[in-house]
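Labels run A, B, C and D following the written order; every chain starts at residue 1.
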């Protein structure tokens, strides 16, 4: 196994990780500030992807598609917050799980109703398609590099937003003490709607970006949602830093596990068995990682002590 | 206002009535549907022991449902293919006897619940929900890649397993078995809720710190509840597999875990008969709404939302005003 | 609902439904990610019935949502409540394994439009089970044979980690004589193949064989084209039907795939089928549509000789396969699976439509590998 | 002098830079009420948590009836004889008054692993629970839902649950909090008699009650015991006065 291959796989893991981060960031913000478990976050991922595919289909413009994904997902998020989620802040986790599960059913089946069952497809814009040669002779798809860049930029932007702006102060205050922000004279319900819409927009962006190289279909959000949950649970629910570290860890574990576990198993057993067993273990690896982290630290790497 | 006891009996009598009517009217498929509702009810009654009594929001109960299913699948598969099941040095022929399969299902799912509970109960709240979900995914992916037993394809069992003295292939007789088990488990669940253990568990859900200061361990109480809960759901899984004569990894899927929670909430959490009402309603909706529109999930979602937002006690809560926890 | 749907799908049949003598239960996938396969198979089947002009056949169509437990439920309903004579329609092997053994053991005839798991071809074969499409390994075996003909000697192989995926690579290797540059089992439902493509790039292979049905194949092909790796790709026809090709677009051009049917197979039945299908549904038929069409014609040909109530005669009539197939010659082997010729096709662009063109014969009069294990 | 029922030896607990308990050593002797007073933030709750097992001290030991219980968890300490009441009622609000008291009796019996038979049908447990409820004056409310009780009644129930445990020592965290003057006076009379059953470590803000009840008083300021003595000694201590005046001035 060459160094080039290993570096390429690490890039792949990073790219997967930062896209997970876009999902995880919203989830963790929503949990940190509002104390809400949102199973329907994957629906915004799907909504963003469908919005992008629809707009790209009409206009042919990738940029417009991305903007549409952001706007439509944010609007969907704001609407869902105002109609449903707002009534759940005081409820226990069980009600939240159930209500957001119901939202998944509505979003998924509703999207199927509108767009039909067959997947839609987006094309990478011409300027970003094809491979580039990196230092060291590594050939890597330009679009995936762009995804890594976008992910890191969003991370930086979120950091700036939370550490350096007025809204950030309000968000941090909200994480520490809900009554405090009310006491500060902040319109709390507007803040909540804003945060929810922001989280939804990030999920929608991820859906559009990833949908471009994969496919846009009903149900695409749930597998990513579960992975994003794993990220924030590993990182500690409520922590943006934790979500980022968790996402990168999950991205790398998932990508590298799929490559190296079968190789590792070949040391012990015949190639066919090693392939199958390695692949099986690889698909379980991130859940095993999560369980280990939780057994070691029941509130995640950067989570507040219970 | 209806006394809850009468409501419980009415629901069970209704189920039995539908099956008897279908038997007389020669509508075997209606019996099969009713059986499906009974089995799902059993699984949800199991979940309700953890969820309603213990306050444990498990998004991984499909693990036990699936284990029960695979207990049936694997035991019957070895008989069907005339290959002995070898566990280390022990070699057994498998089994097509329902009681043996049930005991195996209960044993396996209890054991899994013990292991998962020991690890998961260290966490609480959102973390508990997520770690149970993660265990569910682990089993799901394991089952998918376990090619010995069909992997993603699952296992097909051609003939329904047998029960001494009955012909289980006759839909009504199989219904009878499932219905009797449901009644038995409901009876046990009722006794459990009122027992000393139930009293302590009920308190451990509400104020764990109080339970500690009277010298009891909330962790152990919840662990035992989780194991009992897993065992019942496992039994339901074995029956479900026998109903379909088929098991597959979808029995481990997180959607199934979610649906089990839906059944419990639809009927009313913590109520004895709640999960049964929920399951009946779910199967009825599936077939009535499903008959009207392919997009019935949208309406199921809306109904769920309304229940969560406006009818916290579920259907049973609406029908019976008795507060939880009295007597 | 589903009876209504049936009427919508085949107006001609509804008028005669009251006098229907033969009941056919079709369980197929009409919703979810795999819906396009079921819809094509259904449309092909209904087209043949309509063209036959028979009004004594009632078809009950139900959607299995690609879920085995739903399929079993529907099958119970069709056998117990509707009392169907013949069942058909299942696309996926795991659903077939859940439904078919139970159905045929209850005396129903089952005609498979697509799924052909090895168990049902080998030790689990049954006198009432007929497969009109293929045994699952057929196209993979043909791909291996084609790789030999083309002179490939170092293939990289890729399939999802589930039974059909394992069968695919086994099938490919059964006839392929070259070396293996690497084998990967990916996660089922995986959508990102960056890691696998990197391995392909580093492997030094001279060809890539992949079996990734449905959306998985689309994602793979698009990402493969974007990665700049230019090792030639072969696959079975599953990833190259009409619907998928339009989605993949340019990324699929030039890829070789193996299929027992193609719209340019030169015989009058096929030409008429392609034309009438396009006219009725406004799209090109896929191989699933051809399989549905052939299945219905097989059924009609048997009904002309015998009634299902006379099981032995009806079985013999089916076995004779006395109908004009879109594939030309058609006959069943001892295990009731087709013995057929499989072609190599290349993806081309005709106007704005991406489609397949036959470039050669991969394997002729090929029977499956399991026929010896069947005791019929 | 009799051996102390409970003693702490140099309990120290730090949260980051804050030293919440700073070498606290005190004891409770048979038959006495030992009150702990101190301004807000003095570390009274932290002390109780360490005694009852909710927090592990960084240094120091806790002894109960001569046994070192520092390594035991809350439940084990309860079984060893600690009976605690909470500052903010920790009761099963959905359950009846009787069920709450039965929970204590069940804990005392040490036999929760009975899955059949009605808990309320267990004559021994029920007799003990009803007896303790009667002693605190809740005999007429056995079947009331706890959530419907008044604040004062909840405090009574807190005490009743502790009574069912028949503890060797009571740890009471501000039992007077939120009671009116009537209620305080009643509870004061009750605790005065209770000390004959088991000694009481009483953490309390209500100075009238403390001065009426306590045999000894310890004053906690910034995590440290600055004085321990009789009520008279504490009243006249310049140091205590300074601490309180400094706090309040």
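Here is the rule we go by: a residue touches a chain if its C-beta (ideal position, glycine included) is under 8 Å from a C-beta of that chain, and two chains touch if they have at least 3 such contacts.
Protein names from UniProt, one per chain: A, B = Branched-chain amino acid transport system permease protein; C = Branched-chain amino acid transport system substrate-binding protein; D = Branched-chain amino acid transport system ATP-binding protein.
Being a predicted model, the structure only gives us computed values, none of them experimental.
When every chain is reduced to the mean of its C-alpha atoms, the one closest to the centre of the whole protein set is B. Farthest from subunit B, judged by the mean position of CA atoms in each chain, is D. For the pair subunit A and subunit B, the distance between mean C-alpha positions equals 32 Å.
The distance from the centre of subunit B to the centre of subunit D, each centre being the mean of the chain's C-alpha atoms, comes to 43 Å.
Separation between the centroids of subunit A and subunit D, computed from CA atoms only, is 49 Å. Averaging C-alpha coordinates per chain places the centre of subunit C 75 Å away from that of subunit D.
Within subunit C, the positions touching two or more other chains are listed as 30-31, 161, 166, 187. Shared contact sites, meaning residues of subunit A that touch two or more other chains, fall at 112, 276, 279-280, 283.
Contact of a single residue of subunit B with at least two other chains is seen at positions 141, 144-145, 147.
All chain pairs in contact, by the document's touch criterion: A-B, A-C, B-C, B-D.
Across the complex, subunit A is touched by residues 51, 57, 59, 119, 122-127, 129-131, 133-135, 137-138, 141-142, 144-147, 254, 258, 261-262, 265, 269, 295-298, 300-302, 304-305, 308-309, 312 of subunit B. On subunit D, the positions that touch subunit B within their shared complex are 52-54, 73-76, 78-79, 82, 84, 86, 90-96, 99-100, 102-104, 106-108, 110-120, 122, 125, 143, 145, 161, 164-165.
Those residues of subunit A that touch subunit C in the complex are listed here as 1-2, 4-5, 8-9, 12-13, 15-16, 112, 117-121, 123-124, 129-131, 139, 141, 143-144, 210, 213-215, 217-220, 223, 255, 258-259, 262, 271-272, 275-276, 279-280, 282-283. Per the touch definition, subunit B reaches subunit C in the complex via residues 27-29, 32, 36, 141, 144-145, 147, 150-154, 156, 158-159, 171, 240, 244-246, 248, 250, 290-294. Every residue of subunit A that touches subunit B in the complex is listed here, in rising order: 31, 37, 39, 84, 87-88, 91, 93-95, 97-99, 101-106, 108-110, 112-113, 226, 229-230, 233, 237, 276, 279-280, 283-284, 287-288, 290-291, 294-295, 298-300, 306.
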